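Provided herewith is a single structure, encoded as structure tokens, for subsequent inquiry.
Chain lettering (A, B and C) follows the sequence in which the chains are written, and residue indices restart at 1 in each chain.
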Amino acid sequence: MNSPASDPAPLLECRGLCFSRNEEPIFGPLDFTLAAGTAIQVLGGNGAGKTTLLRVLAGLLPASQGEVHFQGRSVDQQHLVQGTAFLGHLPGHKADLSALENLQFTAALHASALAPEAALTDVGLAGFEQQQARRLSAGQNKRLALARLRLSAAPLWLLDEPYANLDRDGIALVNRQIGDHVNAGGAVLLTTHGAYAPPPVPMHTLELRA
Amino acid sequence: MNRFLLWFHQTGSPANFDRYAARWAPWAFATAFVALAVGIYGALFSVPPDVNQGENFRILYIHVPSAWMSLFIFIAMAIQAVIALVWRIKICEILAMSCAPIGAAFTVITLATGSIWGKPTWGTWWSWDARLTSELVMLFLYIGVIGLNSAIEDRRAAARAACFLAIIGLVNVPIVHYAVDWWNTLHQGETIRLLGPSKMDSSMMWPLIATVIGTKAWFVGSLLQRARATNLEHEANKDWARSAYGATQ
Amino acid sequence: MSAPGLLAAGRAQIQRDLRLVWRRRGDALQPVLFAVMVIALFPLALGGEHEQLARIAPGVLWVAILLAGLLTLDVLFRSDVDDGSLEQLLLSPAPLAWLIAMRVLVHWAVTALPLLLLTPVFAELLFLPGRLLTPLMLSLALGTPLLSLIGAMVAALTVGIRRSGILLAVLALPLYVPVLVFGAGAVVAADQGLSSWIGAIYLLAAGLVLALVLAPLAAATALRIALS
């Protein structure tokens, strides 16, 4: 595992990143870097703009100002999608399809090397393959979403409130997944209220004030 | 950023636009008022009655400029829309959206005056010829742009979506015109054609020129006024707006 | 992240959408029922006289199928917005325009194709002369995918708006007018024995080719704008 100092360029670097909606500033200007093999925890109260920041970094929203550099290259909104995987508030999969069917779709879209069945087992949903997603509990839906992230094989994970709706086992699972991903050379940026046990990885904190 | 782009952005800055619009809108309206007064006076009193249509043709002096403006404004709106979408310049978004209600108004005037002209001339209030039908479709497109702009909450996303629609709509207008033209050739009996001003004797032309200038000037003044108001609405919390308009805190 | 081939991504999208339709297969009958109702209203309003109905048949059939398609446009993207899977589509490495094209293909196959196949039956209800059936089917075969593609663009623009039903119709109808004019007009021209009816068909075909290329791209851009 390379230490951050010997990496050629940080995975993600933001300079002067701002976002405003209807002339109301939501966050910014932000300057931070995220190196491979580390994680950033974005803290802030409700309305501080954590979700919006994540959506800007995922390429869903255009930044109002500032630059984003991904793997050393300056990228615009369109090109950010190539290297990131996003877990938002919404499930991100179809309630009418079974767990396995949902993952098969994601695997096909990302030309995934990992098999959907294996991803399901890794998140503790073995045996739920044929279960329709609408019949899964909120926590199980979150695990399904995590399985989807693993199939995408993206280096940067953007997780918006990953611990919400999870019990202790679920929180431990999320931390384990984050740990595995970061230790394999990926990076994670997650938002949280801050009341949860942190994952076992080098972690920096970014605080947003409303 | 090169110098030209920088100048462009600075000129289009909200504060500069506000000063520019405040300065020029009154002049545009004054020109419009004078030109329209001259044109309408000429149309009503100076010009002799037409050989074929009698007094009925006088309404063409309003109808024709309105029709031209309704199309011209759509094109102007689409051009602003392209600039707004490609270069993301906020003032162009505001200008494009401000064009829509003005264009819709001119389209309504065109349809109404066309109807009034048509009744004594054809015997009916309406005709489904290519010109009027295209105007009706254009009215729906204008209403669509206005509706889409007001239906989305985020002002900038709303403007961008409506700009996109305006561009698609502009492509649609000539297609509709051609389609209805073709369809009219299928249905014999539709020998009604809207007489154009080219059949007018040159001595009767001058009020038309006056009303054309008047409607254009009206459009410019109206556009600047609307855009200025929208601009101020968006920028109400900014320092430049508060100091320019004397906010107490 | 590796990008899948277009074929693999397309196949996956079609498979997913067909599965979703199958899970709610009761809903798939709605366009057909609506079209039949619209068609039935005309004889009820105008009287069942053979000659009169035969004269208006091409136009009524076209309008009925157009309106039935308009009704189902809203659901094209609605459920994907609600459960967040549209965001995931935006973020996938496969080209969004291609995925949208596949989505529109399934939508057309499920909503318009049954109507197309039932057109001979509908034509009988309105006493359409037999010689006009071929021009009608041709114009519908080319026109309905065109309507689906144009409708997808408009649905993409309104995707973030709550209760966008009537706004969607207001936005789509001006864009539908040329398709309707050339589609129904082709049948009327054939009725009059004009050889130009095939020209209208060619125009529809040309429009379809253009729309096949441009509409998915436009819809992808519109989705990005509407979701920002």
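Here is the rule we use: contacts are C-beta pairs under 8 Å (C-beta built on N, C-alpha and C of every residue); 3 or more make two chains touch, one makes a residue touch a chain.
Fair warning: this is a prediction, and the values are worked out from it, not measured in the lab.
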item: Label of the chain whose CA centroid is most distant from the centroid of subunit C; value: A
item: Chain whose Cα mean lies nearest the overall Cα mean; value: C
item: Inter-centroid spacing, subunit B versus subunit A (mean Cα positions, whole Å); value: 48
item: Distance between the centres, which are taken as Cα means, of subunit C and subunit A, whole angstrom; value: 37
item: For subunit B paired with subunit C, centre-to-centre distance based on mean C-alpha positions, whole Å; value: 32
item: Residues within subunit A bordering two or more other chains; value: 62
item: Residues of subunit B whose C-beta touches two or more other chains; value: 154
item: In subunit C, residues with contacts to at least two other chains; value: 228
item: Residues of subunit C touching subunit B in the complex; value: 153-154, 157-158, 160-161, 164, 167, 170-171, 173-175, 177-178, 181-182, 185, 188-189, 192, 194, 200, 218, 221-222, 225-226, 228
item: Complex interface listing, subunit C residues touching subunit A; value: 1-5, 8-9, 11-13, 15-16, 19-20, 23-24, 79, 82-85, 87-88, 90-94, 227-228
item: For the subunit A and subunit B complex, residues of the former touching the latter; value: 21-24, 62
item: For the subunit B and subunit C complex, residues of the former touching the latter; value: 137-138, 140-141, 143-144, 147-148, 151-152, 154, 157, 160-161, 164-165, 168-169, 172, 175-176, 178-180, 182-183, 186-187
item: Of subunit B, residues touching subunit A in the complex; value: 88, 154-156, 234-235, 237-238
